[in-house]
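Note that chain A is present in both complexes that follow, paired respectively with chain B and with chain C.
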Partner chain A sequence: MKDTVLEVKDIKKEFVVSRFGRKKKIYALNGVSFDLKKGEVLGIVGESGCGKTTLGRVISKIYEPTSGECILNVEGKEIDIAKLDEKKFRSYRKYIQMIFQDPFASLNPRLTIYTTLYDVLKAHGIGNKDYRNELIEKTIKEVGLENYHLFRYPHEFSGGQRQRISIARALILNPDIIIADEPVSALDVSIQSQIINLMLDIREKFGVSYIFISHDISVVRYISDKVMVMYLGFAVEKAPVDVLFDRPLHPYTKALLSAILTPDPKKERTRKKMILQGDVPDPSKIPMGCVFADRCPIKKDICEKVKPEEREIEKDHFVSCHFA
Partner chain B sequence: MALLEVKNLRVYFHTREGTVKAVDDVSFTLEKNETLCLVGESGCGKSVTALSIIGLISNPGKIESGQILFEGVDLVKLKKSELRKFRGTEISMIFQEPMTSLNPSLKVGFQIVELLLEHFNVSKTEAKNLAVEFLKKVKIPDAVGTYDKYPHQLSGGMRQRVMIAMALISKPSLLIADEPTTALDVTIQLQILELIRDLKNSLGTSVILITHDMGVVANLADKVAVMYAGKIVESGEVFEVFENPLHPYTVGLLGSIPKLDTPKNSRLISIPGNVPRLINPPKGCRFHERCSRKLEICEIAEPPEMTIGNSNHRIACWLYSDEFQGAVDTDERYGS
Partner chain C sequence: MQLFFTKKKTNFSDVWYRFRRNKLAVIGLIVITLFILVAIFANYLMPYDPYKIDIRNRLKGPSKEHWLGTDDLGRDVLSRLILGTRVSLRVGLIVVGISATVGTIIGLLSGYAGGWVDNLVMRIVDILLAFPGILLALAIVAILGPGIDHVILALTLTGWVGYARVVRGEVLTIKEEEYITAAKSSGIKKSVILFKYILPNALSPIIVLATFGIAGAIIAESSLSFLGLGVKPPEPSWGSLLNVGRRYIMVAPYLSIFPGIFIMVVVMALNFIGDGLRDALDPRLRNK
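And then the complex of A and B:
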């Protein structure tokens, strides 16, 4: 399709960890597929250990995938970046940029903001000195900061301002895709909404697509066009955002939505809640059947033996459950 | 008599850079079997307030003035040894990160038993039985097995259950929970909140819950106190405060959370600027630099605390002071 910027097909990632000399495989991603259109926001939700961060890092090539395809569609060309080596990928890195959770750890404390941004342009060989300076001044205004901020160091900024700088660092390369991994989780609520509003403004202005990874489902609902729910390295449900919230099909999605606390005491205390038992299983032992079987309230025998296939229930609404 | 009465509490931290007024003139009361939520952003003083109740403020922090009356006894005046009689028996606390508050090198069962042997006159067998009983009470599936496990063998949710068992085993009158669900996943958060509610009701414990999450407040609180920069800016019954928030900070805080019915493509309400540093807090109302409805007086004088209507909805904001009522009307007319 023409307006698809990224198509991920059956991506898998295994880590080998060694503990007291014993090697053990962790199955972080077990075949995840999705596509992302121009200007679209894909929200990825799930609890800790579900593979959402690994997925973001595989797409931005911080990790090499074990198998699968990751087709980037830029400048009228289709490239499978999963197969490129580090050196060849470098020229495509400007199309996929990343924002991290911790704005304290993701900026170099010894560089001024100007140097941080200048180095990005230099590394990608963009423009000459004058052009770079012009671009830096333009970008810093775009994220709501001023020129005088450029010659300060990261420690002089608050968390929200640092996250603005992270956004500027991603935006300055004019990327097609920005992967935001829990970009507001470390921020206070009053600052969170500033950053979310900024990200939406940037999408409107530049048509950039986001992959927005978060455990906060109300934020994901607010910012996303479509949502993918992950559990133990599998995408258990995918749907346009309104469909997912109106008609969730997978029992895990239902439980996840039920766990959102409404900031309204009357509604919060009267709504029906679905409380899940147990915890997320160990990712080194992927069950033979459905991954959610041991916590599922509607489990039947088949769930423990046969892995459910992904089915399209209605247009663009995919679910992996025998009984959805 | 109220179970707990905090009066004009001031806690300052004397650092090299200057004095941080972390808690500055905070007062509230807590009745028996009531849940009070202290809510606010990082650095607002909510945790310091809780730590002063249980006597855990250490250098360079100091309780400068004020009273903390627990069943009539002023905890501020007690010696360390006298405070020990309350801590862990009458008043218990659970923390945000259960991994760092459990001893990693001791089995969880031993850690619970140790507490019982320290505070109560029980035999080892009695203590063990009681520990297992409480592990069952906090709905740990395999209570006997868990008794012999080390903290690292448990998941985050299970560790927090162990912490809750430990805090409640002495049947305290007051439980202080500092962000008990913040480090947990959402489905586990719901389990823990339900558990705290059940146990509170069955044991008759009062709870002070500290959180930054308005959703948690809505789920659990009877009363809520909103803190900003070391002060309580608004407090009252939870239904009243959520339905009729008055302080511009509370309004902004509630508006900045995306709700399930927030229309798409609208923008969230955001509060401009940042939380002020408490070494040199703004003059007058501490919120005035970020406030959208600021009056001239707000920059000069601290707002008085007043009660709205005949409920116990209290607020510290010039907008609701009688003297400046006229100013509000004009302000609103221009605003709309």
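And then the complex of A and C:
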């Protein structure tokens, strides 16, 4: 276990919303656990509202987790960052960095790229001015941009370039973990592959681990070492990427995989698809039994009454379903 | 390395470059500079003694001797306007300067903090807004006694609320933007986020409000002066000249027209500067 950089145990997050004075709890994360090894890419998939983004933001402490542990293994020691307050977490922030979905919204329109990057270094008190400049220059080259780009403003770049800048902003702190929240969903398909390959190059070079959040299963398949499928704040299935795509066990995973198009139109027409009815249930009313029960094609009585335990079916392949 | 840094333009020269390209803004800046110079050198510019009464020549229209005519006591209007520039500009600029600064800081903190702090501040703002500003200023001046400094204080005490409210609204939107979340997640300090990331993005409504605020302050001073709480006659200010002129609007309309034009020109110039500044501060409009 010594090469594990992050171990998340039973993390939970509740939001309290009040509408017309009535308070309501939204259960966004209901006990998610996983671990992440050095240089590994964990793909997280699921439809909108399943808690993918919340999970990323809880780990990077943009949101405070309600309960659970989040053990970061850096500097040769283990720290539970879930329990640290903001001040104490400051010094660990540089180990976990984020890339956001919308490259048009995630850069301050009034700052040049240079200032954006410089501020990050300054906030962490890294180096003096010369060293910072050197680092900025080095990082901008690393993401495939040039020096002359540094004094431009975000609106002067294309979406792909902006996402490179976002990557530079995360990379400049030399993090151990980069959480990428749908980093390519706002980009053209041709640019997507460039960005993904850049991310993989960076992993090779710096040994960064990624948590790659996406609803695009083919992208996740390409980039990930292992995949976690989320549904309504639960991790319903976790497996190494090949295992998951070869032998999906949870009916929800099967449904997701069957939504991927096959390249051959003849096969595509005759292929048996599994189409889910309905929507994700209201996250303020978590069902008593299996969360997927009301949309599940193989549902039995037990599913509505008993919550399925997470079982390890084969090595590293976990699933929460009574019939897997 | 060296080469790369010589190419760097400072932020200020960048903004100045963009500002200069806006003709109207430059004209506005020149006009305001001229008015400030007039206020400073008023003593040398006045063609006549602004207090010298000459009943025989009362209410004379513009002429070669008196360019802008004479008032009800035969005093030279141009001289009085020049001297009045001092009071009016001082009231306008100081009141807006202080209330915009204070209001902006309070609005920023209130909007960013949220929760009960925000609630408390906004209720105070509500109370002050619900109260007619001029009445409150009246009460304050009545307590402290008349005088131009007290007028400035009174107008500032009621003036900041507008800025606080607008800035707070802006902050509420901006703080949910993804670049703020991104800045937080890269560990940038709260104070830096507040003043370097949120404030510049909230600037345009402040600038618009401030340019109109100066006109408002000049008029408010005249109202207070009219009630005998601002400058004491015979000392002139644009507002008080405008007020006196009102009584003779049928026989000598120029008495209120000229102070009105002065106020309008200053307000317009400030508006142009405000517009230019707003655009110059926004890098997105650079290559317009």
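Keep this in mind: the second predicted complex is superposed on the first by the 322 of 324 C-alpha atoms of A that agree within 3 Å, B and C clash if a C-alpha of one lies under 4 Å from a C-alpha of the other, contacts with A are read in each partner's own complex, and residues count from 1 in each chain.
We take it that a residue touches a chain if its C-beta (ideal position, glycine included) is under 8 Å from a C-beta of that chain, and two chains touch if they have at least 3 such contacts.
Quick caveat, the model's predicted, so the values are computed rather than measured.
J.: On chain A, do chain B and chain C fit together or clash when superposed?
T.: Chain B/chain C on chain A - fit side by side.
J.: Looking at A:K12, would you say it contacts chain B, chain C, both, or neither? Reply first, second, both or neither.
T.: In the superposed model, A:K12 contacts neither chain B nor chain C.
J.: Applying the document's definition of touch, where does A:F151 land relative to chain B and chain C: first, second, both, or neither?
T.: second
J.: Put simply, what angle do chain B and chain C open at chain A, by C-alpha centres, to the nearest 10°?
T.: That angle rounds to 80 degrees.
J.: Is A:L261 touching the first partner chain B, the second partner chain C, both, or neither of them?
T.: A:L261: touches chain B, not chain C.
J.: Given the touch rule stated above, what does A:P109 touch, chain B (first), chain C (second), both, or neither?
T.: After superposition on chain A, A:P109 lies in contact with chain C alone.
J.: So, A:L173: does it touch chain B (first), chain C (second), both, or neither?
T.: In the superposition, A:L173 touches chain C alone.
J.: Based on the superposed arrangement, let me know which partner A:S48 touches: chain B (first), chain C (second), both, or neither?
T.: first
J.: Give, as a whole number of angstrom, the minimum Cα separation of chain B and chain C in the superposed three-chain arrangement.
T.: Superposed on chain A, the two chains' closest C-alpha atoms are separated by 8 Å.
J.: Once bound in the complex, which stretches of chain A touch chain C?
T.: Touching chain C: residues 60-62, 90, 93-94, 97-98, 100-102, 105-112, 114, 119-120, 123-124, 130, 133-134, 137, 147-148, 150-151, 153, 155, 166, 169-170, 173 of chain A.
J.: Across the complex, what residues on chain B touch chain A?
T.: Where chain B meets chain A, its residues are 41-42, 141, 155, 157-158, 185-191, 194, 212-219, 221, 238-239, 242-243, 252-260, 262, 264, 267-272, 274-275.
J.: Mind listing the chain C positions that touch chain A in their complex?
T.: Touch list, chain C to chain A: 1, 4-5, 7-9, 177-179, 181-189, 192, 196-197, 200-201, 281-284, 286.
J.: Tell me, which parts of chain A touch chain B in their complex?
T.: Checking each residue of chain A against chain B gives 47-48, 158, 160-161, 188-194, 196-197, 200, 215, 217-219, 221-223, 241, 245, 255-256, 258-269, 273, 275-276, 278-280.
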